[in-house]
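Below are structures written as structure tokens.
Consider the two complexes below, in which subunit A is the common component and subunit B and subunit C are the respective partners.
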Partner chain A sequence: MNLIAEALAWLAEPANWSGPGGIPARTGQHLAITALTILLAGLIAWPAGVLIGHTRRGAGIVGALTGAARAIPTLGLLTLFGLGLGIGLTAPLLALIVLAIPSLLAGTYAGIQAIDPAIPAAARAIGMSPAQVILTVEVPLAMPVIIGGLRSATLQVVATATLAAYTADIGLGRYLFAGLKSRDYTEMLGGALVVVALTLVLEVALAICQSVARRIVDPASRTQRTPA
Partner chain B sequence: MIEFEQVTKTYPGGSVAVEGFSLVVPSHRTVALVGSSGSGKTTLLRMVNRMVEPTSGRVLIDDQDVQDRDPVELRRSIGYVLQAGGLLPHRTVLDNVATVLRLNHVTRQAARARAAEMLERVGLDPALGSRYPGQLSGGQQQRVGVARALVPDPNILLMDEPFGAVDPIVRRELQDELARLQTELGKTIVFVTHDVDEAFRLGDEVVVLRERAAIAQQGTPSDILAAPADEFVHDFVGAGRAERVLHTQTIGGRLVAVDGTGLPVGVLES
Partner chain C sequence: MTYRTISRRSILAGLTTAATAGALALAGCSRSDPLGTDAGNDAGTASSRTIVIGSQDYYSSEIIAEIYAQALEDADYTVDRQFRIGQREAYAPEIEAGAIDLFPEYTGPLLQYWKPDTESRLSEDVYAELLETTPDGLRLLDQSPATDQNGYTVTQEFADEWDLTTIGDLTKVTTPLTLGANSEGEHRPYGPEGLATTYGVEVAFTPIEDDGGPLTVKALKDGDIQLAIIYTADPSIAENGLVSLEDPKGLFIASHVVPLVSDNVDDAAAAIINKISAAMNPEDLIALNARSVKEELPAATIASDWLAQQNLG
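Showing the complex of A and B:
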């Protein structure tokens, strides 16, 4: 109880809210790492997921691979990369990308495969090119599920991005590692609370995006049907 | 004119959907391909716009092999109507109808104007244009599907069991509407169905198919009813069915047609 009160006091301390080591600067870094991770993981996972979903092939193998990838402990992977690549941002970034890919990939191919196959088939039959079928039919219709994948990947990454401070002086994880080293549990708990708050904010924002996307792809659910 | 020349389709794994099929579909006529499921009728239809490629043989449109045409461009030049309309659920009815025009680079405004006109032509209130397909009844969706196929004014219309998903009363309405449109438009229509009555109602010529798209009989509906080629056709078209066997009775000085069950179905005019 006392610790929580101290952590809240730490959070209220103006000195902790300014300068390059302050909460806003570290939150900014933390968000930047998260965004960069999602972007790089997305560059791999989104096109791959679209391809698997569009061709409706390879989902079994990829499902097994992504399942296995989810079981990899990120801290272990980070240590492994860190040993090879040394101090810096590269090792945590790689470890986080490995963490993010399965959710992004699964959301994308599952979303596209869930579309009634008659819809893309009809789009093709009336003269849409394969690219038009993907971009104007399949991806928009899969968007709620793709955003669902983005949502779970973001949650995992934003929480795990604290590990970036393991090999680099960056992000909100610094408070955890620094606090751990100096046994400053107030700082640790304060930092952890900031991570929790950030995670909740992102979760709510992405949940809103998802429900907006859902309403766009299923507009019929918004209003009543007309009688036949 | 559409010509099938000795067309065969074998799917990987060895199942033969179509074997040595030849047929000429004359311009401005409606040919109904009728057969039970597995007769390869949909495969035949899909070969016309290269949704399915024949294993051997050729499909020609106006003497040109469809293999020599770009598939995407070919499909945009042919109207295609499928069961349940095959509409895009995330686009408004108007934008669904305008889709092919937009693919052919017509401006959005012009495409929508022509789409609205076509909605009216197929018997829909243009106000429905701002709705989404999921908000329409099955019959309305089917009309939207027909409008979408007709709006680029294609010469050829391919219809794949288009009215199979609606109830019999609405189906009858849609059939009448299509027949009316066809007298105005004179398209070359290939109509696939498993419903003999529908084939007889809409086809200038009817092709009855057995397995592997073997032609059991080809002719006008009256030819086929009057002289079924064999037992298979006789049974398939229901030539022996009570409601197809009519005889007359004189009642009150007039000739009344009565079917095999004794039900009066109409009065003969001399």
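Showing the complex of A and C:
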């Protein structure tokens, strides 16, 4: 209990809120690396997921591969990339992308595959091109599940992005590493609380996005309160 | 399990030392109690009691402890190996309680454990202050020339290019210097601040969280950093063509191998250990560590080979 009180005092200390090593700067870096990871992982996972979902092929193999990828310890992967690429942001970024891809990919293809096959068939029947079917029918209908994948990927990445500090002067992980080695558990817990707060904020924001998307896709689900 | 064994020992040892006179009565009145009977026996044959040897959970410490063990066994002492116990926080109370009789320690870190605010940094000062600080019931034997301490490390090419021998020579370097070390190094007295005040060397800092391991070595070789903190007895220094810079002003606290012993180690045993300490030089320690890291030999083999080579076995 005492430690928590000290950690809160650490958070309240104005000196910790300014300068290049201050909480706002570190939080900004942390958010930036999270966003960059999700963006780069999304560039790979979203098109691949759409393709798998649309063709309804390869879900088994890709599912197994990405499922296995979830089991890779990110710290080990980071060390491996670091030994090849040297210190800096590249190694942690790659390791985090590997962490983010499975959730994004699974959300995308699962969302599209879950659509009643009659709907894309009907879209084709009225003369839509494959691209139109994907962009105007399948992706919008799958959006709540795709955002669900984004939500779980973001949750994992924002919490694991602390590892960026393993080889670079970046992110909230700096508080954790510095606190751990010097037995400054106040700083460590304070840093961890900021990560938790950040994670919760992102989680709530994405949950709201998800429910908005769900309401758009299926207006009937909320008609009692918001008549369309 | 190890911890439990030692805890029981500490009870035994406590009984033994606390009440030699009372031991007879204790043994007499508690024949059915195995603990009481043991204590009685121990008290009766204290001079030939088993010497309990411990080591840190660190391969180099285990090798040194194994060398002590084999040398004592050669002299017909009975030893009990309690190796790889853990960090100082875990084993120091056991030594202080008399549960361990012989432990290879390191002067600087041990002094800082007992006296965190010590200002001693250089070898002789540290040893002298450590002798004063050592609690009653424990005794320090001679410190060995062998050291295993933090050191500022550069690549051989970098050292040749700027003609570097000591940390102070870094002032000759005109290009920007970056130090790569664990996060906490940034604010430690030996970190960038200490470099500036003690040696007048200005460095930038970048965190690499692998304790001077392979990522740090890679960063040094790539030139991402010019300066790293790596243990002076780490075989990776020689293996990767790195150089430890000398630290004449004592930025890092001196850390010589030093045996910490209880009263259960008699003078003859102490003489054997002192001979080992005197024979072990820094190069020996690096070579011993290298055999463990590179050849992956067990501590027992490394220890017996070294003892044979030194004609101590």
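Keep this in mind: the second predicted complex is superposed on the first by the 222 of 228 C-alpha atoms of A that agree within 3 Å, B and C clash if a C-alpha of one lies under 4 Å from a C-alpha of the other, contacts with A are read in each partner's own complex, and residues count from 1 in each chain.
Assume a residue touches a chain if its C-beta (ideal position, glycine included) is under 8 Å from a C-beta of that chain, and two chains touch if they have at least 3 such contacts.
Quick caveat: nothing in here was measured; it's all calculated off a predicted structure.
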Which of subunit B and subunit C A:86 touches, first, second, both or neither: second
Contacts of A:123 with subunit B and subunit C, given as first, second, both or neither: first
Which superposed partner A:166 touches (first subunit B, second subunit C, both, neither): second
Touching partner for A:188 - first (subunit B), second (subunit C), both, neither: neither
Comparing the two partners subunit B and subunit C, which touches a greater set of residues in subunit A: B
Touched partner set for A:110, first subunit B, second subunit C, both or neither: neither
First (subunit B), second (subunit C), both or neither touched by A:178: second
Set of subunit A residues, in rising order, touched by both subunit B and subunit C: none
Subunit B to subunit A touching residues, read off their complex: 46, 49, 51, 72-77, 80, 82, 84, 86-90, 99-100, 103, 128, 131-140, 148-149, 170
Contact footprint of subunit A on subunit C as seen in their complex: 180, 182-184, 186-188, 205-210, 214-215, 218-219, 222, 224-225
Of subunit A, residues touching subunit C in the complex: 79, 82-83, 86-88, 165-169, 174, 177-178, 181-182, 184
Residue ranges of subunit A touching subunit B (in the complex, touch as defined): 118-119, 121-129, 132, 137, 140-141, 216-221, 223-228
